[in-house]
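Both of the next two complexes hold chain A, though its partner changes from chain B to chain C.
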Partner chain A sequence: MLAILRDLLKYNLEFRIGIILVGIVVGLAILSGFSPYPPGDVYVVPPDVPPSSAYWFGTTSRGQDVFWQVCVAIRNTLLFGITVAAISRVLSLVIGLLSGYKGGWIDRALMGVNDTFIVIPLFPILVLFYFVMRDSMTWLMLAMIMATLGWAYDARLIRAVAMSLKTREFSQTAVFSGMTTREILTREHLPYVMPIVFSTTMNNMNWSIGLEVTLSVLGFTDINTPTIGGMIYWANQHTAIVAGVWWWIAFPIAVVIMAFVGLFLLAVSMNEYIDPRSRLSRMGGGAR
Partner chain B sequence: MSGYLAYLAKRLGQFVLVVFIGVNIAYVVTHATPIDPVEQSISAVTSFGNTAPEAIEQMRQSLKELYGVGGSWREQYFTFWSRILRADFGPSMSAFPTPVSALIGRALPWTVGLLVVSTLVTWALGNLLGGLAGYYQRSRSFKLMGVVAMGLHPIPYYIVALMLLIVFGFLWPVLPITGGSAMNLPQGWTLAFIGSVLKHSILPALSLILIGVGSWFLGMRSLVSNIVTEDYVQFAELGGVNRRRILGSYVMRNALGPQVTGLAMSLGGIFNGAIITEKVFGYPGVGTLLVDAVYAGDYGLVLGVTTISILGVSAGVLAIDLLYPLFDPRVQVA
Partner chain C sequence: MSGPVALHTPTTPVAGAALASDPVLRVNDIQAHFRTQHFGVSREVRAVDGVTFDVRRNEIYGLAGESSSGKTTLIKTIAGAIKPPLQVVGGSVQFSFMPGYPGLHAAPAAEVERVRWRHLSYVMQGSMNVLNPMRRVISTFQDFAWRHLGGSRKQFEERVVAHLARVRLDPAVLRAYPHELSGGMRQRVTIALATICKPDFIIADEPTTALDVIVQKDVLGMIRSIQQEMGSSVLFVTHDMGVHAHLTDRLGIMYGGRLVEEAPTPEIFSRPLHPYTVYLIGSLPRIGDDTPRKSLEGSPPNLADPPTGCRFHPRCPLAMEVCARQVPPMVESLPGHRVACHAVNPGAAA
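And then the complex of A and B:
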């Protein structure tokens, strides 16, 4: 594991940039624990102060320190992404491995449902959820809903790997030595798909955070939990750009873009690491 | 030919399944809630001002049918489906008494126009540039383009739209940032109106293109850079075949198949992006309609837009799937 990390740091520029960006973002999220003000409180500092040495990122029209708001917001946003990713990973692993290993009608049925979830436009459905739930739509609820909608694409990737694993000799050996399907999937096949699970985690986090920001900006989530989208929502409510309070919008956007690009670069570099051909060419070997 | 028929049947089956599951999700969402949706919607509408009592009664009736309150669950389920199959979502509550289907019908051409044009431009541009970048790997400008694509691609639509809005709305106001056409022009096939529509669509289309182009670029580049190492490409190069011909009909042609499938698979996501982009730029399409309907508490309209989007996106996917054999003739054999 450490050797992999060292190789990635040494040969992969994308990984280096990605880890720096994600590092900064995670650092901000950790700092949120030291925030001098409770995140929900308003009018704790003078409003509309531009960035200065006292307030690094300025203050909002609601009298909040933008720096500490951003810290808390990015922490909640990241936690949201991780929660969605973790739950949907379990779903896509179970469905992908089972579908690839079993084949036949189980595979056809699962993949029919799977393709449906890939195609369906999720945003109107999420809006419908919010419309019906209104104020009872909590943070965790939204994470659960997004997880049950967002597993499909990765399940297909995992299925493709599981299908080829099934034909390998060690799978046959496992069957002949009397292992059950569950044992084969968890003990024999799971380790092989773990790299894919890691790289899709990053992409899935990007996906869910993007949707969460979009929903929050429209006010379609629990707007009292500070998230990046929620910050932009409040800034829009106070017409921050027109009023010239640009720092209220610029800093959360800058931080969330760092998170997006960082996570994406980590996913890309991990994908490249999984593919031996591109790894070779990066280390200076191979054909091209 | 029978191979193509089997393919057709399979695709149609998938289309029906998507619509079926989508509508069922809508049904479950609206029925599994502990809140009484009918009274909540009514109170949300009536709190905005005075509404005629008969209008409220008509709303309540249509809401009850839409939500399917009353009767056994089987009856509820079938009423729901029959309403949806007839595209009858009752009168809109925020624009009473205009029927929901009329509102959607008015907004749909805007969305479809914006979406089709920007998706096609994005796809063509991304694949062309990606193909070139994969073939001419040592070119500095294509490498730079790859870096830009990697930076832009993961950012969600909303953020890019907002940044374009800030740049072209406040810092350098040269383009209209809201609406579908100039307010003072009558709608019709006049030159002035079409020009105004085009001008208003630049920013929404640009934000869709900026985000979308990256993923096609990156996908095509990695596909092409794998294909150029294949034996037949090396052979063609050694045989002195014109390089442009190698790139066009040997390399890119073979990489197009997965990209067409990719287009079908990402259509739902592109549509999500279009909804939010429309809202940011106040474009008079389905997305703006949906978001405003939520603010106004207009249940029939929200359900209508959701259903129409599921139908529309799956029809788009079906269309791409049916065209797929043009790109990859092997489908007919399989």
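And then the complex of A and C:
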């Protein structure tokens, strides 16, 4: 594993840029633990100060230091993405592997549910959830809801791989040797789909963070927990752009774009590691 | 046929002791058909249609036949790997180590669990792929065999290492991934995997087909020596007559889902009786004989709509009027030599 990381760092430009960007973003998130002010407090510093040596990213109209706000916000946003990705990965792995391996009516039932989730329009559903739940809509709640909506595409992908795996000789020998379905799925098939899962994890995080930012900007989430979208929401409420407080909006957007691009580049380079054909096509080889 | 390995004289060690002992496997008139129903059209393919034979203790029984003659379906049935649309329609498959059940397909799950791998193991077709490419070889051993052997992890590993020595493999292969091994080494690993529990019965489905002849010879010798060391019986299936000549003690020839001839392997090669077998043996290259080989007219029967009577009669040079009417019974024409043919056994049809 370490050797793979070293090779990717050495030979893959996308991976190098991606790991630097994600490294900066994660560094900021870790720094949030050293914030001198509680993240929820307002008017702890003079308002509307432009970026300076005292306040690197300036201060907001609500008297908060933008640097420390961004640190806390990106931490919450990343945690949100990771939570959604982790829960939805478990769902898509269990459902994809089981559906592909078992086939028959189990496959039909699970894929019926799966296809339903694929065609549901996500955004209106999430807004609806907000209006129904209002104050009980914490970020953990939102993460759970998004996780239950975000597994369907990847479950189909994993199912396709599992269907191919079950016809291979090693699966048949495993059945013949008396391994149970659970053992075959976890010990024989899971290692096979893990690289695909890693790649989809990054994309899933991007998807969930993007959706969360969209909802927060519009005020459809818990606005008292600082997140990137929440910061933009408050900046808009105080008409930051019109008032000339551009740093209130610019820095959170810059950080979240760094997170997006970093995760995307990691997913791309991971894909190249998984799929030798993309390596060939970069060299100009492969079938044409 | 993979050319040069086809030996012109049978050099099989004749297992004289094997002839007298009791059967480990007794297949009695087994019928396994593929039944499908699509949009109201039902179709039945009689892939195995009434096959009867015994496999004795400590012998290697060969099954030969061309593609679509039902070899693979037959051994799937014997191994109990019955999945729709395949169905066992009649007959029985009795193992000496599983008394009281007419085959794995009819035995309860606990019994199947007890028997498989411990008493009955299976070397699959394309066995190069039996090893999971994502797992080290030792993990595959643990997954497949540990449950049947028991003991601590250390004891199990020692046993695996000792067994690998039998197939002349270094213990270092245990830490390797399958792609790091050569084809021959992988094949030896799969044979070690199938034999580590010292099973009474081993089903081998074309285990050497993908190998070149040098490795093939090596692997066949290994199967023979392990089989003799452990006293197992082997059901060896391949279309390669050279391999049969080299390895098997007795040989059954299949045609169109039925057994048409069965005899000790040297006898089949020196004195084939069934007209199909005559052609089959006649098609083998012989050193010093450069007359052109005659090929048999026609093609194998469509098993969804097989010919009446003897399934070989449309292609048979000896076909008579009775052949289209009556299925020829399997009759012991010579001692230990059974043939299903009206021309060879006149008047046998009752």
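We take it that the second predicted complex is superposed on the first by the 279 of 288 C-alpha atoms of A that agree within 3 Å, B and C clash if a C-alpha of one lies under 4 Å from a C-alpha of the other, contacts with A are read in each partner's own complex, and residues count from 1 in each chain.
Everything that follows uses one rule, which is that contacts are C-beta pairs under 8 Å (C-beta built on N, C-alpha and C of every residue); 3 or more make two chains touch, one makes a residue touch a chain.
All of these numbers come straight from a predicted model, not from anything done at the bench.
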item	value
Combined model on chain A where chain B meets chain C, clash or fit	fit
Partner chain(s) touched by A:Gly210 [first = chain B, second = chain C, both, neither]	first
Chain B versus chain C as contact partner of A:Val256, first or second or both or neither	first
Partner chain(s) touched by A:Pro38 [first = chain B, second = chain C, both, neither]	neither
Which of chain B and chain C A:Ile120 touches, first, second, both or neither	first
Greater residue coverage of chain A in the superposed arrangement, chain B or chain C	B
Least C-alpha distance (whole Å) that remains between chain C and chain B when both complexes are overlaid	11
Residues of chain A touching chain B in the complex	14, 112-113, 115-125, 127-134, 136, 153, 206, 209-211, 213-214, 217-218, 220, 232, 241-242, 249, 253, 256-257, 260-261, 263-265, 268, 277, 287-288
Of chain A, residues touching chain C in the complex	168-170, 172-174, 176-179, 183, 187-188, 191-192
Partner chain A, residues of chain C touching it in the complex	79, 81, 113, 116-117, 121-122, 124-127, 129-135, 139-140, 143-145, 147-148
Of all residues in chain B, those that touch chain A in their complex	14, 17-18, 21-22, 25-26, 29-30, 33-35, 37, 40, 137, 150-151, 153-159, 162-163, 166, 170, 225-226, 228-229, 264-265, 267-269, 271-272, 275-276, 279, 290-291, 294, 299, 302-303, 305-306, 309-310, 313-314, 317
